[in-house]
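Okay, here's the structure, questions in a sec.
Just so it is clear, A, B, C, D and E label the chains in written order, and each chain counts residues from 1 on its own.
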């Protein structure tokens, strides 16, 4: 079980690193989209500061969703998924390994880029640390929920947009508490409650999502 | 030439209608993403009003980009593109027909949904008409530019997110003038200059983009 | 009975495979060869009827069944950015067999020379051989092979036939579908088109398996 | 000379095809059969050398050349949501031939019964026949066929051979690549592996075309 | 056989030129640095932070210049299909991106003491940021294909599309910024150019220009070598 987990984790990280530009690209999407907002709402720093946490989180949501949309796609198309589901280990463990590899190679760089973008959006420096902590707790939840969606739409013709629909509403709790933690920190209020809720959401999805995902994957192969 | 244009246009519209959910999906992505913003920036109507035009345009940009990313993908994968490039008519015309079909089936519903979302974001009613006009002029430009990107990434390893990095920076002018037309209308200023510029951008891309796209498509088949 | 896309593909089918046996699935396109193999690999579930192994239903312990069968489908599951050996080694490790047999497996399908070549540079036949090498790299008693000779040239088909014979001599079982000719001494033939559910006479009234001609 | 992916595939190749001729391209995987056909269809551009038609370079008027050639590649270009007849009719209209020959084309490849079936329910062989039906639905003098017999059963191959003979009798030309056997009376054979650029002796010194054995 | 045979003369020429060019670059940069850091006067208002300008302005200029070189090379590559042009374009892109990034970074560092913030959405700054994205898009696309020539050509088309768009983006960003004139932002009014500043500045620009040429030539040499290795390794 552990061995299978590590085997799949290692292989997926290796694939991501060899394919090279993938994780960079997700960061690039994140950065470019965030930068679009000043063009949209104008350059006034007061407005930008007010919406900075919201824009960062919404964009992180979109970036996570877009990069997840192909989490199982390649394995499905090249037949690897047939064999992954037939490994002598629970499929949920294999799913967890794939999600972990994906998070390490895409969400982690994204979190590293977040403070820089926060500067561009004139967020007050008090928010930076909490932003990073909230993202470290929130993005794995996004990845886990996204994996369910990615598995559900396997084989669907218009994968990308469909996934968006299925999973964006599920992202809302993460969004709300992620933003409110940062806002509280910026305004000097307590933010531990929000952080705890983010941690609880993570725990819950860690238990439920891999199971739901493995169910969806088996259906996709029928 | 006209006959070929109409043949391709008819076929692509028929494909979109038969595949059914596609255009609904783009609208749904648009709606869901816009609705995320009140969760992200908080429910205060003053803030939402201030950023409404920007959010609507940025989201329209993303929706356009996401749905375009597969404009040529299916035809490329199933071999149709080989035959489309060999039709006895300029490839640029065929590209124009495909873009037109895509715009009719995705951007048009999106424009119809925009005023509704503007209400959700507390935009002042003075902006609605200009928003629709600006979108009618701006979204075809987005589709045309996006088609170039979609053609460029054919066969690339990470289509989805890559196309974003390529074309989002090129979308900036449409975004700026689209937003500023709406803002001007809301504030009671003249907005004809912006509308004229949007029209000029559309003309320019109508001439250049199909050519660039057909160049990129021929390269993709080599 | 097997239902795909709301349409019954075959029904009233019943057979058993003993140690050392080979079963050849034939029939025109769409008769359900691939479906039957995926059923046996537990990638599909029968609409009715059941699969047993040593008289116990395999659905009860699907992990154990997965461990004792190897499935080779139409798709080769070769990652373009991994070297050929890395590809085979990953599948061997995942099947719990470790990497001890990997080099022997590459040797068996004449792939040693290509071990370090990344998957994307392999031709269709080379990929197929890498897929088949998994059979040797992670041994299992029952092989389920769906048109394994696709894209293989004559020499490679001979290597495969050789492996099949050796596997059966060691008590292994093979179920194999094909449109092409393949040498499988003593294999029984199952013509799936006889079990299409639209047929007037119940298909089970006919002889089920016949010796290969 | 033809260069693919920074690598020369064949060079020093020269041949001509007359009305009524058939040219059979053979050679192992990767020898450049598909590349040559795509070159002739103007989907690829030669790194050096040129293609002529009636002594005029085809690159000068690529639209006219596209109109007088039909290309059948590995991919069938069948849309899953369109009925088989809609698929064929679209390609016929696009080629400028209208839809007058469509029904005859379906008949020719025994597809009339499937005319209203959507593409996604077709088997591989049926899709391939629909792809071939374009040849009849939109007539053109030169047919470029890349392994047209893939996925076809014997009866369908016979239908294709029949069509090929009729096309040549009417003065049409055929260039065809294959790994399988196909009956093409009087066809000349071009073995592409002889023109791989690595060869020591200049390939053009050898006999270029030889009658089919 | 080699499908890529670079003009032998080009290789021989650069091989002879490079040591001299490298030495000259080092010399000019050294003079420029010493002059600008030690001998040019500090600004009466900005103190020593004005010295950032001697890196900031040359890198801004080269960030723009490199895109023009890349675009010219892309046009040549598309029209005349010269492999050397593809190699030039690929060699230029990371350098242009690096100079653009350097301009942004130094400007940002300068902005903190001058404007009290790392970043403002000023028109010139913003269009420089978009230029950086265009570079990144170019590089991502060029490397997104298994087949290298395919990446070359797709990137060349993108680069030319970008050339058409850069003036439009620049113009629209100017418009955007003047429309929403922000109150809090101090415009980067250029200090009156005094000869004591102009001298070291021009020297540094020349030094950066030479550095750019040297680096492009080095990168082209290694690009040619890589193409030859690929051609050899695929012969088997």
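A few comments on the model shown:
Operating definition for what follows: a contact is a pair of C-beta atoms (placed from the backbone, for glycine too) under 8 Å apart; a residue touches a chain by one contact, two chains touch by 3 or more.
No experiment lies behind these values; they were computed from the predicted model shown.
Here the chain-to-chain distance from chain A to chain D, counted in touching steps, is 2.
Common neighbours of chain A and chain B, listed by label, are E.
Among the other chains, the CA centroid farthest from that of chain C is the one of E. Sorting all chain pairs by how many C-beta pairs they have in contact places A-B at the top. Mean C-alpha positions place chain A and chain E at a centre distance of 34 Å.
Chain centres here are Cα averages; for chain C and chain E they lie 57 Å apart. Annotation: 38 Å between the Cα-based centres of chain A and chain C.
Between chain B and chain C, the centres computed from C-alpha atoms are 47 Å apart. In chain E, the positions touching at least two other chains are 133, 136-137, 140, 144, 146-147, 176.
Chain contacts: chain B has residues 19, 157-158, 162, 165, 168-169, 172, 176, 222 touching two or more partner chains.
For chain D, no residue reaches two or more other chains under the stated contact definition.
The residues of chain B lying in touch with chain E in their complex are 148, 152-153, 155-158, 162, 165-166, 168-170, 172-173, 176-177, 180, 197, 201, 208, 212, 215-216, 219-220, 222. Chain contact summary for the complex, chain C toward chain A: residues 41-45, 63-64, 66-67, 69, 71, 73-79, 81-82, 86, 90-91, 93-96.
Touching chain D in their complex are the following residues of chain B: 3-4, 7-8, 11, 14-15, 18-19, 77-80, 82-90, 221-222.
For chain E in complex with chain B, the residues that touch the partner chain are 78, 130, 133-134, 136-137, 140-141, 144-147, 150, 153-154, 157-158, 160-162, 164-165, 168-169, 171-173, 175-176, 179.
Considering their complex, residues 19, 21-22, 25-26, 28-29, 32-33, 36-37, 39-42, 47, 50-51, 53-55, 57-58, 61-63, 66-67, 69-70, 157-158, 160-162, 164-165, 168-169, 171-172, 175-176, 179, 183 of chain A touch chain B.
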